[in-house]
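Next, two complexes with chain A in common: one pairs it with chain B, the other with chain C.
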Partner chain A sequence: MEERKSRRRLAAGLLLVILLVGIGAVRVGKFLPTVGALDTPANTNISQYYISNAVADTHAHNIVTAVLADYRGFDTLFETCVMLLSGVAVWTILSAKEKVEKRTDKEMIAYYRTSIFGSMLMDGAFRIVVPIILIYGMYVLFHGEISLGGGFQAGALLACAYMLNRIVPKFDVRRKQKAREELGIITAGLGAFFFALTGVLPMFNGGRFMELGKLPFPAASEAELHADGILMVEIGVMICVAGVIITILEVVLERTDFDD
Partner chain B sequence: MTELIDNLEYFLADRGIYMLALILFGISIYGMVCCGNLLKKLMCMNMMQVAIIFFFLTFGQKEGATLPVALAGQVTSPDAYINPLPHALMLTAIVVSLGTTGVGLALLMRIKDIYGTIEEEEITGKGGKLR
Partner chain C sequence: MPILILEGILLVAMIAIAIGIIMGRKLLSAIIIYCAFSLTAMLLYALIGAADVAFTEAVIGTISTVYFIIAVKSVHNRRDKDGRKKE
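Moving on to the complex of A and B:
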């Protein structure tokens, strides 16, 4: 009882603080720029350079991709490393937990008969959807430069297709349990390595780290090389993100007892 | 009275979206402190990240501008395209929020294993199995 009262007092105090902060923000909020104004600090300095020169510099029509993969490649590189680390962290934290014992095939089929994901219709529909999602993921990847899309989204889509394929029950395929989480983390590491390799390759051609204009490929102009480099960066990011999501999914799935 | 309403309308049109982000932020802080369930705390942390992302994305807006996808030779003035920089930065922030959510869920699974519950009161108080 006492505890509940103190909790209620804490909640009231917190609400008061939030209200006061809100009122203060309304009072002081005039220093924030008007939404949509053209002369704000965020819209005047370097972003104007990006918009004016991105297409000529990198041949990437999507300026967001040009900023993400070329102008601010370091940011994306270390951010990909953060993704990889989060996958490793999830695996490390959960590796102390015991795996759920594998059922035999017969038990598995009986289990699926009683508790199907969705229904028969849903299962069939999802099986049809999986290859379409894969194709769409590739489309999003290769449209990262030309129009809207990019590596992160493509990786999420690939992992989505994998996830659907994993949770839809398969009656006809003999399940072979391999170490899938290891495969996932290896895939993620390969993606991050590919990204870093894209950064290292220009150094063999006399450039600096991540100087995509000096990639040792035959190309017509420096901007073409930038476009190639952006595509390589996107592919690395896609593999890394898909691997990390698959790792998290597999690690959790193998240690969760759904009979709970 | 009508003047007040006009002022309010101008304020909402100019800076109202900041208020929305602030309200979302306040709700999530309230939830993070006051929810007893650790999973709800994690969800509130996610909401907080969404509030910050909204706040940053509003800086990229420009009046009458279009998507930052341009063709060669088409760019006449940089004011015709919205600011790509907040979008690029927030794209990475979204992915990092995915990573933090994954790690948080893994920790919650371990907590559920050891204590048998993810209710904060039962873990710290009398109801928990340990201590």
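Moving on to the complex of A and C:
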């Protein structure tokens, strides 16, 4: 009885806080600039330059990609490092926990007979869907400059395919295709390293860090080099994102006992 | 004007879904409703014109749903040292 009362009091207090914050947000909201108005600072200074020069500078028709991978490449490098750090943190914290002891093959096969995963329907659907996801991931990566997407989405799609591969198919297929979590985090690190290497390469050619127009490759124009650099940056981001997602999945799955 | 109306519908739907997530009895059903929340957010982004963000939201919404399910399962299945399930 006492507990319920205190809980109700807590809920009322939280509701009051939420209401106060909401009222404050609404009151402050009218001082903010209108979204999309032409005379706001966001639309007057640098974005005009991006809109008028991005295609000529980088050959990237998708300006979002141009800004993310080229103009703001330094930013993206450290975002990738944050992704890597989050993967390392999860791996470090959870590796203190013991892994679930492996059950014998016979038990596992008996378990998967009763479960919906590994049934013929799921297995068939899995076999159709995964190749399409993989090819779509590659498409998103290489078309990132022209249409939607880029490295991050491509990496997430690849990790999606791996996730399905880990969860859905029959047991005898699954046992052979298991990545170790250390390999996942190493892959993620290599992706971030590839990104950083793309940043360092122009320095051998007399450029500055992340100055993609000075990459030491043969190319017709500086804009073409920018396009190459954007592709390299996105490949690095893709490897890092896919590695981190796979690592977190593996680390948690290894320590989880599914038996209900 | 129709775009504004559509946006309004989506926003109201998002609020309703959020309330549904909080009110849900089972954790698993809350996760599935959360997936619907991210889908609605994706539609909203696509409507506003941020197609890149919408695409990211779609992919990440799927992955985070799987993560949540695994996390909830692993919390439920925590065992004692003797091998008995904790209540």
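We adopt the following convention: the second predicted complex is superposed on the first by the 233 of 260 C-alpha atoms of A that agree within 3 Å, B and C clash if a C-alpha of one lies under 4 Å from a C-alpha of the other, contacts with A are read in each partner's own complex, and residues count from 1 in each chain.
Criterion: contacts are C-beta pairs under 8 Å (C-beta built on N, C-alpha and C of every residue); 3 or more make two chains touch, one makes a residue touch a chain.
The model shown is predicted, which means the values in this text are computed figures rather than measured ones.
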Request  = Evaluate whether chain B and chain C can sit on chain A together after superposition, giving fit or clash.
outcome  = fit
Request  = For A:F152, select first, second, both or neither according to whether it touches chain B, chain C, the two together, or no partner.
outcome  = both
Inquiry  = Contacts for A:L253 in the overlay, against chain B (first) and chain C (second): which applies, first, second, both or neither?
reply    = second
Ask   = Which touches a greater number of chain A residues, chain B or chain C?
value = B
Query = For A:M163, is the partner it touches chain B (first), chain C (second), both, or none of the two (neither)?
reply = second
Note = For apex chain A with the CA centres of chain B and chain C, the angle to the nearest 10 degrees sits at 40
Request  = Examine A:T198 and indicate which partner it touches, taking first as chain B and second as chain C; both and neither are also allowed.
outcome  = neither
Task = For A:V64, select first, second, both or neither according to whether it touches chain B, chain C, the two together, or no partner.
result = both
Message = Looking at chain B versus chain C in the superposed three-chain picture, what is their shortest Cα distance in Å?
response = 6
Message = By the touch definition above, which chain A residues appear in both interfaces, chain B in one complex and chain C in the other?
response = 62, 64, 148, 150, 152, 245, 248, 252, 255-256
Task = Sort out for me which residues of chain C touch chain A in the complex.
result = 51-52, 55-56, 59-60, 62-63, 66-67, 70-71, 73-74, 76-77, 79
Task = Using the touch rule from the top, collect the residues of chain B that touch chain A in their complex.
result = 13-19, 22-23, 26, 29-30, 33-34, 58-63, 67-75, 78-79, 81, 83-89, 91-92, 94-96, 98-100, 102-103, 105-107, 109-110, 113, 121, 125
Remark   = Listed in rising order, chain A residues that touch chain B in their complex are 3, 7, 10-11, 14-15, 18, 21-22, 25-26, 29, 32-38, 40, 42-43, 46-48, 50-52, 54-56, 59, 61-64, 66-68, 72, 75-76, 79, 82-83, 85-87, 89-90, 93-94, 96-97, 147-148, 150, 152, 241, 244-245, 248, 251-252, 255-256
Note = Listed in rising order, the residues of chain A that touch chain C in the complex are 62, 64, 148-150, 152-153, 156-157, 159-160, 163, 167, 245, 248-249, 252-253, 255-260
